[in-house]
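Two complexes, one shared chain (subunit A), two partners (subunit B, subunit C).
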Partner chain A sequence: MSNLLDLLIAGLATGAIYAIVAVGFTLLWQTSQTINFAQGEFVMLPAFLMLAVMHAGAPFWLAILIGIALSLLLLGLGFKMLLVDPMLRHGVLPLAIATMALAIGIKEAAKQFWSAEASPFPSIIPGGDITIFGRVVALQSIGVLVLAILAVLGLTTLLNRTSIGHQMQAAAQNPTVARIIGVPVERMILLTFLINAFLVALASLLITPIYLAKFSNGEVLGQAAFIAAIVGGFNQVRGAIAGGLLIGVVDNLSAAYVSTQYRAAVPLVLLIAIILFRPQGMLGRPEERTV
Partner chain B sequence: MTAAKYLKIGFGIVVIAALIIVPMNFNRYGLFILSQWAVMTIAAMGLNLTLGYAGQVSLAQGAFVGIGAYTAAIMTSNGLPLIGALGVAIVLCFAIGWILGYPALRVQHHYLAFVTLAFSTLAFLVFRNEDWLTKGIYGISNIPRPELFGYPTRRPLPFYYVCLGSLGIVSLAVWWLIRSPWGRAFIALRENPVRALSLGIDTRRYTLMAFAIGSALGGVAGTLYAPLTQYVDPVPFHLSLSLDLLMMVIVGGSGFFFGPFLGAMIAVLLPEWLRFTQGYYLMLYAIAVILLLIYSPTGILGILDRFISERRTKAASAQRAVAKAKLEVTP
Partner chain C sequence: MKPVFLASALLATVLTGAAIAQSGAPIKLANVAELSGGGATVGTNWKNGIDLAIEEINSKGGVLGRKLEVTHADSQSNPGVARAQVQKALDAEPYVLLGPGYSGSVKVTAPLAAEAGIAQIMGGEAAELTQAGNKFLFRTSFGQQSSMPKVAKYINDELKAKSVAIVWVNNDFGKGGRDSISKEFAKYNIKVAADLSTEAGQADFAADVSKIKAAAPDAVFVYVNEEESARILKELKRQGITVPLVGETTLVGQKVVELAGDAANGARGHVGLTTDAPVELIKAFRDKFVKKYNYVPDHNGLKGWLAIYMIKATTEKMGKVDSKGFADALHGFTITAAKEPGILMDATFDANGDIDRQGFLVEIVEGKQVVKQVLPKLNN
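For the complex of A and B:
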């Protein structure tokens, strides 16, 4: 039973990171019909950018800031201007395929310019254990969980409580009407891309100390984020959060109780089941645009 | 028949003759690469049927090649003939493709991409973990090459002809299929599913059919892959093979009959020619694919198609201008 609690906490911690990535994924879908198959690689890359800056002699905190700034520039602005804007007129599918090509490109670039080996990455959360209610818990897990929850809370406050958030939602739900009532739709779309870039950089910062910086990290992370987004509900931010936490816990529990060999299979089976029986996801609304 | 049509047929005959005669003095490696091209073209043709003609994204074609390859490897290692393995692989991939297509009926088309992506990973896990069947990460080695009408095809050249011949048969079958009412139904499905349904096309059945036939062709490619490499392990059938096959179809030109031939040629041969770029090759390839997609989402043949139709309209408008001038002179 005590083992179960440890697994739950560790699962929630990784799940919270999946949730952050999945939220960015759904935001891009909502505002600009972008299915970003490179989302996993987007999480992998910022850690390498930070490592490169540190390699040049900068301290860790400066590397984090520069890494986030570079992510905003490359994965936010650059991604939108250079790939999404020119591709969007061709439709959802060609754009999705272009992001698959982008995923291959980013992965190979990280492998070539950095290394094919895994590199250690410092953690922003101090190591060690703390005792809560008489139980020893890794500080790392708690720290990740707290930071991820703060990020999600910050984002939902931004979306639901501020004027900019309302404008973003309007731009996502009905761009034509939003434009008529004076919402700068283009700027709002750009803002979503920047928010996604920030979220992936944050996720990168949190998950890389656990997984080590490796060029192939994106595959696992990307799949986990897609599954989280679909299981929770593709068109709902809170759906993506619930989906992320669920996938994190399911992943950890299946590693312990099902089999380590088929650990990766359990979330996939969950995904297929959800698509078959409740395609709008646990918390999502059914989408009208089925054809 | 017009001159252009004769030219096309003549060009086709020259290409086929070249594919038969030129490789005769190729070395072992050259023949291997060409055989690989033929095998990958078959798999890409199947995906082109699903993606290019019926408009359904599949990220599982690599898994179907894997299923075909393991079927061939397991059956022929146990002394069964390759042709039997081919039959089993086709039926197996068709059935799995049919079942996997069901989610596509319920939801928006991009969800099929996720379902097939999940299936691809699941298949890889089965190949790797079911030691009793697939020998796990050690793989199955010494896969025999078949004997055709009493001729052994152990040497590279005869086996290349086996691959080329299979490619020919599959090409003819697909050519016939896309010109049959079925093929027209597939295109209707891609262009406008609602209209197709209102015209009385059973869209459910044709979606499943397109997906299942495409998957079965993946199985055919797999049954040739196993005796070609004579060794099968899980690594080549990772998700990246499915992505590679998708890129082949896209780069060549999805929805064009010759798209997969061109795409597979680029994907298989270009890495050999671009050896000097070393590890940067895949990165450059990815960038080139993105640029190509931005310029022309229907691939290289799409550019060619656009160019030809532009020239035709120019020629037509020039003729119109001449005719108009004549009309103005005569009265």
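For the complex of A and C:
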């Protein structure tokens, strides 16, 4: 039982990071029909940007700020203006393929500029343990979980309780009507890309101390977050959150109770089951499109 | 008659010139290593060690008056790619083939080199590699059959552990190590409390460590590659595992210490090669390496360096550059550091290509490898 509790906490901590990344998937899809297959590489890159700033002599806190700013610039503004805007007019599929190419480009560039070897990355959460219900739990697991929950709460508050959030939702649901009622749709879409860039930078900050900074980190993270978004519901932020947490827990429990070798297959089985029996995802809503 | 004589003289001159050019031509070596992928740490260190040794040898006039020249190819830490790269390298007819470092890649490439009759000096440590009767394969470090008995003896005699959790990577290297250590544990009646297979490149070890925690062993034996070692050390610390962590070179290497930080402190292991060894020649090597590459190499840097000095010593023993005779010359050969300082420590190569040399038991203390015990050569 105690082992199960450890597994659940560790799974929720990892799952919370998947959730942050999965939320980015859903935001981009809802506002601009962008399926970003480079989302995993988007998580990998900010850690290297922060490391580069640290190597230049900056302290960790400054590196975080500059890393986030660079992420907003490159992975938010740059991604939208240089890739999404020119490609989107050709349809969803060419854009999705372009993001696949971008993923390869980012990965190989990171390998070329930094190294194929892993690098250590400091943690913003101090080491040590705390006791919860008589169980000793790593502060890092709790810290990751708390920060991820705060980020998600902040995002849902922004989306549901603020005027900007309502405008973003309007722009996502019906851009034509939103334009008529005066919503600056283009600006809202850009804001979504910037939020996604912030989320991936945060995920990078949280996951890299555990995974180590390595050019190939995006492969695992991108796949897990993509599955999480589909399982939870690609068109619902709350679905992506639930999907992320579920995938994190399922992954850990399957590694412990099924087999380490097959752990990667279990979320995929879940994905197939969802596609077969509830294609809109656990919390998603059915969508119909004219062809 | 005169034109015929002139033509003959010209031909003779050309042929002699070609012969001179041939004898002074560089000795071509081919290296296939893990320059990217999960084994990038292994391959990069190995490659840098090779380049450093070649630079030093060439600056002193080369081998038998000929410079060494090496081509590097990336196996991407993938046995399939390694095989293709080795085939390509062999097509260029190198004097000796270097690498790969991963046992799985060595396993699939060794038959190719043997078929071509080219000696292969590699970094793999799986026990089975040199037990298949391949007469062209040579190690630069101990095989598991040499190192695991020492590790098991240490766990039994020094740590007095009665139950041990084994964490191993599910590839040829890991399986070989797990099988060897399990056999040794059985001899000492040490119970295997948990037998955990992990994947190469695995990033998340939370579930594995939870299982170790639940099994409550007296010690944990970790036998995974360097990057995964660092990740699991961090997770073991995160989940508060305090029992001794024991492994081999891949647990206590420089790169692991760099990546795992504080979490590496207390890890112990048997290492065949370490740049912290109390050996003056190794210290000098370390200084040269740090000066050139600006980081402290792990044992793979030493292996790459030694591979080149094995070639130099063997070629000088033969007195000629003879690719076909190389393997025979190296079997049974003892290279002494007194005669060839580049070999760093006296080393003997047996008929299987296994190496006998002194080894070390080390512990990570405050981020540094501290040699606790020097283990002599098995056959002096």
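Simple rule for what comes next: the second predicted complex is superposed on the first by the 289 of 291 C-alpha atoms of A that agree within 3 Å, B and C clash if a C-alpha of one lies under 4 Å from a C-alpha of the other, contacts with A are read in each partner's own complex, and residues count from 1 in each chain.
Note that in this section contacts are C-beta pairs under 8 Å (C-beta built on N, C-alpha and C of every residue); 3 or more make two chains touch, one makes a residue touch a chain.
Bear in mind the structure is a predicted one, so any value in this text is a computation, not a measurement.
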Superposition on subunit A - do subunit B and subunit C clash or fit: fit
Subunit B versus subunit C as contact partner of A:Val144, first or second or both or neither: neither
Touched partner set for A:Ala225, first subunit B, second subunit C, both or neither: neither
Touching partner for A:Asn3 - first (subunit B), second (subunit C), both, neither: second
Subunit B versus subunit C as contact partner of A:Gln261, first or second or both or neither: both
Partner chain in contact with A:Ala118 - subunit B first, subunit C second, else both or neither: second
Spatial angle subunit C-subunit A-subunit B, Cα centroids [nearest 10 degrees]: 70
Partner chain(s) touched by A:Ala109 [first = subunit B, second = subunit C, both, neither]: first
Subunit B versus subunit C as contact partner of A:Tyr211, first or second or both or neither: second
Closest approach of subunit C to subunit B (Cα atoms, Å): 5
On subunit A, the residue positions that both subunit B and subunit C contact, one per complex: 111, 261, 264
Complex contacts: residues of subunit A adjacent to subunit C: 2-3, 6-7, 10-11, 13-14, 111, 115-120, 127, 129, 136, 138, 140-141, 209-212, 214, 216-217, 220, 251-253, 255-256, 260-261, 263-264
Residue ranges of subunit A touching subunit B (in the complex, touch as defined): 35, 83, 86-87, 90-94, 96-98, 100-102, 104-105, 108-109, 111-112, 219, 223, 226-227, 230, 261-262, 264-265, 268-269, 271-272, 275-276, 279, 287, 289-291
Interface residues, subunit C side, partner subunit A - complex: 35-37, 40-41, 44, 170, 196-199, 201-204, 206-208, 210-211, 213-214, 227, 230-231, 234-235, 237-240, 255, 258-262
Of all residues in subunit B, those that touch subunit A in their complex: 55, 57, 102-103, 106-111, 113-115, 117-119, 121-122, 125, 128-129, 193-194, 239-240, 243, 246-247, 250, 279-280, 282-283, 285-287, 289-290, 293-294, 297
